[in-house]
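In what comes next, chain A is part of two complexes: it sits with chain B in the first one and with chain C in the second one.
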Partner chain A sequence: MDLAFISQHYPLYVKAAVLTVVIGGIGIVLSAVVGLICALSRYYKIPVLRTITVIYTELSRNTPLIVQLFFLYFGLPKAGIVLSSEACGIIGLTFLGGSYMSESILSGFQSIKKGQIESAESLGLSKAQIMRYVVFPRAAAAAMPAVSANIIFLLKETSVFSAVALADLMYVAKDLIGMYSSTTESLFMLVVAYLIIILPISLLCSVLERRLRRGGA
Partner chain B sequence: MAEKIIEVKNLHKQFGENVILKDLSISVEKGEVVVLIGPSGCGKSTLLRCLNGLEPIQGGSVMLHGEPVLYGKKSLTKIRQRIGMVFQSYDLFPHMTVAQNIALAPLKVQKRDKKEVEEETLKLLERVGLSGKADAYPNELSGGQKQRAAIVRSLIIHPDIILLDEITAALDPEMVHEVLKVVLDLAKSGTTMMIVTHEMAFAKAVADRILFLDGGEIVEEGKPDEFFDAPKTERAKQFLKTFTYSD
Partner chain C sequence: MEGLKIIFEGSNFLRLLGGLWVTIRIALISIGLSVILGSFLGAAMRVRNKAVRAVCRAYLEIVRIMPQLVWLFIVFFGIVRTFGINLSGETSAVIVFTIWGTAEMGDLVRGGFENVPVHQYESSQALGLTKLQAYIYVIFPQAIRLLIPNMINLSTRMIKTTALVSLIGVTEVLKVGKQIIDANRFEAPNAALWVYGTIFLMYFFVCFPLSMLATAIEKKQKKLSA
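== the complex of A and B ==
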């Protein structure tokens, strides 16, 4: 392996990693927000919103991210809507992640037994209070493993961002391989960069899981 | 005239085609302890659940202190602060300590003062023999301790009446007594209660009045001594027989 090559080109990876983390991070946070809204509308069976959610979920889960990105980047301009590569990346990731998050959060809500809710109702708590004090804290703990898996999944999915001309990690690696045929070094740095991003997040998620499960819920 | 806490008139309840309660009328007066007994599946739990609006009803009315209990209506959260309910399965919130379980409704629903709620929590825990358990989580308690904590959780909202649905049915036999003792103590201090139980000796000791429910109606009603020693109806006699053998 050519160490000189690595030390010369690694700053490109750092830049790309930052982009991956920023766009991935924003996309994941928005996914969680969309997922929470969808999960709530399905849990409370809110008319209309719930139907929209179901259709959205099917669309989102049954199309690959790359197709969603192509639609945003190449399709929408035909309708006069031109988005930046960054915007496409964030919207695409949110569109994909929202449905995954929604499923995980919903199954968290549904894991709370009817008796718990009835005993809260009997105490005079309102619907919103029951969600806030009784359902949500334990649903969050129950959903956390699935949510962490989604986070890792979405971070990995950012590797198709290069399709919409985002200079992400994959893009840099392909570029270097094409330019210098430095396959070994380029792929090595690619793998290391993903590990550096994903491992700490993975660890953080398991710490959070343990934290949330405190009190033997 | 004694003050009526609960007044049920011509209550009709069915699940689909399955009629559970037919044209049922009962009332509970202030300070009274009414024990509801009857064969399994006759609708005792359903009746209690209709009283605090956990079940929709198909006819008749349920009144608490003259105010209608209306299923699914906003007014229910107000009404429910005046009805305590304790379930067979305790249903303490597992992510909260005993004290947090107890303080939830007084703080968040009744918006009472934190200090005052804390003091009353400790006082009530002591009363049911749970001093020192305020900071324990439910999974650190025995069944009997959980059920006593659940009783305190319903007491602290100062309800006009407490509904108890087979609160000892899920307990190991050696824990039944400690829970029944608490209920007997409440009865002595004048707490209005409606109790569903299969413990006949307890029913006899605690009740001011027995209601025997069967086939969707109150078949017999009377003072515990009369009911247990000289039941008037054939159905009540049959029902009591199943218990005297197991005693």
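== the complex of A and C ==
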């Protein structure tokens, strides 16, 4: 292990890690928004929107992110839609994550017993009020473990961004291996960088889960 | 539309299917190995010895925390460097996906056994079955019923994840697609749209039936247990 090499090149990793976190973060937040919309449209069985949601979910869940990204980045420009690498990364991650989030959130909604909703109705709450005060808070708690698993899954999926020329961690590692054949050092920094990103989030999620389980049950 | 024609020109479509088969073959070999090794891991995760369980748990967490692509890089670039062994991209991929699949499969097997209620073990004991008999006739059939949909879902995940092997130089469907696009750069400048669209749908038609099957089995089981 060449420590001088590491101290010389770690700023590249820091920059790449920031990019991974920013694009991953935006993608994950948008995934949650798309997921919530999809879950609501399926929960309330909104006619046309629901069909679109089901088709979208199946398409997104049954194809790899790298293929989705290739289509966005190399395919769409031929149809006149040119997207930057960053935009491709965010759109691709949202396309993939939206369906996973939607499934998790929907099963959270479905975990609320019918009796609860009927009681709320008999108390004279409107549909929106029922969602706001009865269904949503408890569905969110129920969906939390699955949603946090999705967040970690999506963070890990960002590793394929290098395929669409985003200078993320994998890209930097591959670059350094190619240029200096400093394989051990480059891979070491790569692993450390991912650990720094994923471990705290993973720990945070399990702490949150434990607290919710104690409070919710 | 000339891009669409390119796909069906000559043997292009067959070549794409051949490329898809490369990744699916890697997935199938890894799934097979993972099922065997994962069953042992799952069994090891249920022994009383705390040290064994801790080691298994650590293995699972270490494998899970890193993106699969990082593991591919570590094996493909790192092993060559450290041990001087030259592994092909395909071999590296099978190694990585087996290590990963074993971890996930082990966790599923553990979950499958844990979901069989304790009274099932106790009732078989009360009926005078030996431990082996209890496992063969009572526990396994129930555990496997719970396990199968999850195994199918893991398989689709494996098939999707093996698409990453193009990034360690395996000539699979994305690479073949790129070759076709490059070869027809002048005759069909918009080939990329159609070729990558076709690959997208190819993956969909492989994974969708598997997902449907898993959902159908799950639904049936829910009805049976309700």
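Keep in mind that, in the parts below, the second predicted complex is superposed on the first by the 208 of 217 C-alpha atoms of A that agree within 3 Å, B and C clash if a C-alpha of one lies under 4 Å from a C-alpha of the other, contacts with A are read in each partner's own complex, and residues count from 1 in each chain.
Going forward, a contact is a pair of C-beta atoms (placed from the backbone, for glycine too) under 8 Å apart; a residue touches a chain by one contact, two chains touch by 3 or more.
None of the values given here were measured: they were computed from a predicted structure.
Upon superposition of the two complexes on chain A, no clash is found between chain B and chain C, which fit side by side.
By the touch criterion defined above, A:8 reaches neither chain B nor chain C. In the superposition on chain A, A:78 contacts chain C only, with no contact to chain B. Residue contacts after overlaying the shared chain place A:126 against chain B, while chain C stays out of touching range. By the touch criterion stated above, A:162 is placed in contact with chain C alone, chain B being left untouched. Of the two partners chain B and chain C, it is C that touches the larger number of chain A residues. Chain centres taken from Cα atoms put the angle at chain A, between chain B and chain C, at 100 degrees to the nearest 10.
Once the two complexes are overlaid on the shared chain, A:206 sits clear of chain B and of chain C alike. By the touch criterion defined above, A:183 lies against chain C but remains apart from chain B after alignment on the C-alpha atoms of chain A.
Contacts of A:141 after superposition on the shared chain: chain B is touched, whereas chain C is not.
For the pair chain B and chain C, the least inter-chain C-alpha distance in the overlaid model is 20 Å.
Across the complex, chain A is touched by residues 3, 65-70, 73-74, 77-78, 80-82, 156, 160-161, 163-164, 166-167, 174, 177, 181, 189-197, 199-200, 203-204, 207-208, 211 of chain C. In the complex of the two chains, the chain A residues touching chain C come out as 58-59, 61-64, 66-68, 70-71, 74-79, 156-160, 162-163, 170, 173-174, 177, 183-184, 187, 190-191, 194-195, 198-199, 202. Chain A meets chain B in the complex at residues 115-116, 118-126, 129, 133-134, 137-138, 141, 214-217. The touching residues of chain B, when paired with chain A in their complex, are 52, 54, 76-78, 80-81, 83-85, 87, 89, 91-97, 104-105, 108-110, 137-140, 150, 153-154, 157.
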